[in-house]
Structures are given as structure tokens and as C-alpha cells.
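This report concerns only the one structure given below.
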């Protein structure tokens, strides 16, 4: 059974249609890309799947559960996570604290435990700190651990956001334009990390405009245009599809 | 005769609702376009009302000229604060503008009380006998007030929907970055916005000053009602603000038959909580997406 | 003179309690509470009314604070699940509602007459001047305890999430945090501290009346934390000292400028508070001494 199953999903805002009749499946541990011109509805589709806006109709099944009515945080607890097009770092916290804040099910988030279960809270903090350091090493952010997040470059912020999501031990990460505003060296770095995560069995779904980097990264692509899915398949196949060339690139490639 | 009381309360509510729709429109436009609840709105109204008092008592000007002066001066006041304060905060969080608008409210009101003191004033208009239909009373002055308010409201809708300037304002309200990118001069839109806002606050303040008495707290005490009406109508929706204000003031007038007029703010407060609980996007509000 | 100095110090210590409460809400969580005075009034009346029904002061003061904290719960539940600035508007309305309730519900509050003759703290075993000194010591102790608790809270995992919510609420949600619940709890704790300040004030001046709890008081506390920068304990203390210094100092304004009436003096004070709000946000968003404030950026 597919991990994420989207069935006939549509979103209308008044007379405006963000997307409609979207149906697709993401397999467990798959690595998939999503392309489309600006305004094709990609980000809106992401938002609908992850709970940031309510679709007009259709279903979203995650790990066999209908999550269409779930709040954002309920979906996250099931393992369905995302990053943002514009990084949303916690600017006043350090890089390390950004990851620590992300740790799920912390007893220290509960005021009663802070008073009555201090030992347990401290133990959890040590465990989470260890995990956070492991993730910072993996992302090669360890040297920046005690820098304020606001002082990072755009690409580093994208890595940080990925790191925060990894603290959640997710089953599926939706990445919204991970390469936008990132320098070429870091793009390579980020691609390698994404492949590593794929190898660990996490399902990844990537929106990206950088077609070269994306087609090198993913074995499967979807293409959207004006709110509809118009093609799917291997990257070389999708990029040659006349409908995609017509809609997305205006026939320039 | 309960239905006579009800009818009178309803008529009164409609008149007050129409005139308060002017500052409510000012609140919703700033909320929708400049993205913050402007807490100085009420005290701009107070400023308008005192301008007429000053024009009549110090300069002995006729009412019509006083009203025109009030609208113009309040517009200038509003523009001044845009130019000095809000312009610098456009790119900061709306929180900054919100806190500053409270500061402006305090500054405007204290300047008024410094010169005019805490005592009450009235704006005298020629007394006309009310028309009486079996106890249901219609005061001609109220009709004038309602007429002025409706005219101003109709003009706004013409401005917003029929002129290029209005189209630009709506574009900025929809998406400021996109509007800027497509070549709209956001600064000019803001200047227009704050001029209109001042104008409406001034006019609304004068009209409520004619209907009731002029006090330093005149506008401040209406602020919560304005916010509540705007939220009920759907933030950023001009038509919603008018409907919200009418709903509020009619129900408030009717409720005050039973609970007494001093509970008006309390009533507005609980209605606001109710709206936020049941329909936070308001009657005509829309949902915004996250990027 | 000693009496005067200790009186000033007591005022400062009462206001630091309120300022700490507001700083937790605004500086550390990013919540806009424009109804501080409503929670102060609930603390004051809660404790005042209880003490007049025979509850000892050492019990009625914390009870007043707890009432103020509980009053914040429904406001938080209704507004904090929504984005935007609804809390600011709702708390503003709330504080006015509390004041009108105090004026109108005379059976409970004696309305505009106010409630005189509240018991002083340590009344039983100290005279007036040494009573002030013991109160001063008690307030210092209470402030120290509150500061330590607050520091522990800010540095705990709970405090970390508050900072995350302040910096980017959408991102905090994306990490599965129930942000409305965190905000509500911060609102309640901060409001309870405002109530605590109000309760101490009530039993210090031994009289409470609705005219004390006007919206201006809310903005006194706001000024205190804005001047100090809202995110450090030192800032809170310095900001409060400057505020009380200003409030006390402005009383002597009339000796300097003759011919100013009481109303005009109040207007000048009011005007300066407004100007200070505008100018700190505009020119010193990080406070007079702080390096930077996150809340306003």
C-alpha cells in the first residue's frame, strides 16, 4: 500500500482554482519530484496535503489514515512533514537550539514535569542533544551549532530546516524548492544529503525549479500545469513530453 | 408598547451603524492594505469632533465649513503619522505598527485634553421636531446624518471599484510584494489610504459628536466596537465592515433596552468573542494561504 | 525621607512583577496583551474581596494572582488558535469589560465608592514605617523568587518552544507543536504575575477603586518593558525604575512650570507616554540598552 495517497483533491478560492482533480500515490521510501511553472499550484498542493489549508474536496490518505480533517501538528505526529520555500528559522535561537526545539514529545514542554520530573526532563535533554549533534554532523552544520540562526546564509538555513525536520524522525518529507537561493556547492551537498535520506527509507517529495539538479536527483517526476497533473514518469520522459514543454517552458528547451 | 421601543431602537441603531460604518471602513481598509489594526482610529474621530467644536466656538464658523475643516484636518493628521511613523514600519512586523498606533492614540487624545480639558461639549445643530408615527420617532437630523454617511460610503465603493487608483489599492491588499513587483507605487497607494482613513474618521467623529456629546474618550470607547464589527464583517472587506457595523449597532441598541447603556462595551466584547469562536474569518472574509 | 524612598522602592517592585508578566508574554512569546490592567484589577479585587471575607492576606494575594491567570484562559483559547492580532483587540476589550463590571456590580465591588480599609501586609506585628520596610523585604524576596523561576522557565524546553513560537509560529506548527496551547499557558502565567502585582498594590495602598484601573496603566507597563528591551531581567528592572522615576518626577512638573492645571499635567504625562511608545518602537526597537529585540523585528 502507498504511504501517501492523494485522491481527486481540489482547492478553489472563490472563482480562483488553485488545483483540481489531483490524484497520485507516493510509495514508502520513494524519491519523487514535482515540477510546474509559477502559479501551477504546486505549493498550494503541498499546503493542502500537509494541512496548511483546507481543500475544497477530495481525500488525503497517509499511512492508511484519512488525514484530510487533521490539524498540521496531528499530521506531523504521523510522520508527514515539510520544509518551506522561504526558510523559516527560529531567528533568536542558536542552530543547536533550533534542533532541540524540534524534538518531539518532550516532557519539558509540560509545566508539571518541569517541576516534578526534573530528572526525567534532564535525561531527555541529554538524549535529544545527542541526536541533534548527530544530525548537525550529518548536515555538516556542527561548526555552526552555537551561531544564531538569523546569521546563517540562505542555503545553510535550508539545511537547518531539513535538520529540524529530521529531529522528528519523519516517514515522509515534502521539500518546497530546497535549491532556491542556494549556491551550487551547497546544492550538491543538499542533493547528497537527500540521497542519503532516501537510502535510509524516508519518502521524499521535492518541488523544484532547478530541473537539471532535480532530474539528476529523482527517479520519478510529476508535472503540473494550471492546477492539473499533466505528466508523470521518469525525468527524461517527462521533460520530453510535449504537454510539459508547451506548458512549462513555452517550448524553449 | 414593546414594539414601539424596538422600532425606535432599530432606527437609532441603523443611523449610528451607518455613521460608524465610516470609521469601520477606515479600520478595515488599513487592516486589509497596511496589515495592522489601527488603534488610533478612535482618537482620530475625537480629533475630528473637537475640530468642529473649535471651529464653531473659537472661529464662529458655520457648521458646514467646520465639518469640511474637520475632515481635511483629520486627513492631514493621519497623513502626518503615515509620513512620520507608519512609512518607516512598512517592512517591519505588523506588531510594531499596532503598538505605535496606540502611542499615536495617546498623543492625539492628550493633546486635545491639554487644550480643551476633560469637560463635555456639544455640537449644536438647528433643532427640528421629530416626526412621530404612533410613538415611532424619526428625527430629521438623523436622516441628514444617515444621508451624509451613505453618500460617503457610496463614493468609497465607486473609488475602490471604478477607478484605477482603487484597483491598485485592492491589488496591494491582495499581495503587496506582487503589487510592488508589477510596478504599482505602493507609497502612493498608502498615502491615498491614510488620507481616506483620516477623512472618514474626521467625518465619523463629527457625526457621532452631533448625535451624542463630544468627550475626550469619544473615539477610544468606540474602538472595540469598530474592531468587532470589522472582524464580524471579515477583515479587509469594505462591504463586510458596513454590514458588521449595522448588525452590531442595531443589536446593541436593542440590547441596551434591557441591560442599560453602560454595558455597551461589554456587549461588544462578548459579541466579538462569539464571532471569533464561531466564524473567525467573518461574514465576507477569505482564507489566506501559507507559502 | 526614608519613608519616601521605601515607598518608591515598593512601587518599583510591584511594577516589576507586572512588567515580568508582560515581558514573558511579549518579549519571550510574542503575544500582545493590551489588557494588562484588567488582570491587575482582577488580582487586586480578587485578593481585596477575599481578605474582606476573612481570608488571610498571605492566602488572598496568591488567590488573586491565580484568578487573574484563570481569567486569561478563555481569552487565550478563543484567540490564540487564530493567527494575527486578535489577542490585542480582545484583551483591550477585556480590560474595559472588567472595569465596567467593577463599576456596575456594586454588590460585589462597591462600585465607584471603591473598597477602603483593606488589610495591610504584616499589619499585625509591625507599625507603619517598619511595616513598609518588612513589605519591602518581602517584595524583594518575591521578586527574586519570580526572577529565578522565570529564568528556569525561559531556559527549559518549554521556554525554547515559546521562543520558537515568537520567532516563527508557522514553523513551530510544522514541527508538530500545538502552538495555541503554548501561547495560552504563557498568557496565563504572565497574567497571573500581573494579578500578583495588582494584589500587592491593593494591600499596600489599602484602597481599590475602578478609577485606578484605566487603560493608561496598561501602557505604563508596556513602556517599562519597551524601554528595557523586553527580553532581559536587567532590562525589565531598569525600564521599571525609569517609568516610576518618570511618574514620580512628573508630579513636580508643576513646581517648574507654574500655571498648569491638574488636567493639563495629566495630559502632559499621557502625551509623554504616547511619545515614548512611538519613539522606542521607531528608533530603539531593542530598548534603550538591549542589543536587539526579536518581538518587534
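Lettered A, B and C in written order, each chain numbered from 1.
Here, a contact is a pair of C-beta atoms (placed from the backbone, for glycine too) under 8 Å apart; a residue touches a chain by one contact, two chains touch by 3 or more.
Please read all numbers here as calculations on a predicted model, not as lab measurements.
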Taking each chain's centre as the mean of its C-alpha atoms, give the chain farthest from chain B.
A
If you tally contacts for every chain pair, which pair is highest?
B-C
Between chain A and chain C, what is the gap in Å from one C-alpha centre to the other?
42
Report, in whole Å, the distance between the mean C-alpha point of chain B and the mean C-alpha point of chain C.
30
Taking each chain's mean CA coordinate, chain A and chain B are separated, in whole Å, by 44
Please output the residue numbers of chain B that touch at least 2 other chains, ranges allowed.
290
Shared-contact residues (touching 2 or more other chains) in chain A:
52, 84
What parts of chain C, by residue number, touch at least two of the other chains?
170, 297
Can you list the chain B residues touching chain C in their complex?
36-37, 39, 85, 88-89, 92-96, 98-100, 102-111, 113-114, 117-118, 220-221, 223-224, 227-228, 231, 235, 260, 262-263, 265-266, 268-269, 272-273, 276-277, 280, 290
Quick check on the complex: what are the chain C residues that touch chain A?
152-153, 156-158, 160-161, 163-164, 166-168, 170-178, 182, 185, 294, 297
Inside the complex, what are the residues of chain C that reach chain B?
30, 32, 34, 74, 78-79, 82, 84-86, 88-90, 92-94, 96-97, 100-101, 103-104, 170, 215-216, 219, 222, 226, 261, 263-264, 266-271, 273-278, 281-282, 285, 295-297
Inside the complex, what are the residues of chain A that reach chain C?
50, 52, 72-73, 76-77, 81-84, 88-93, 97-98, 100-104, 106-111, 114, 121, 124-125, 161, 164-165, 167-168
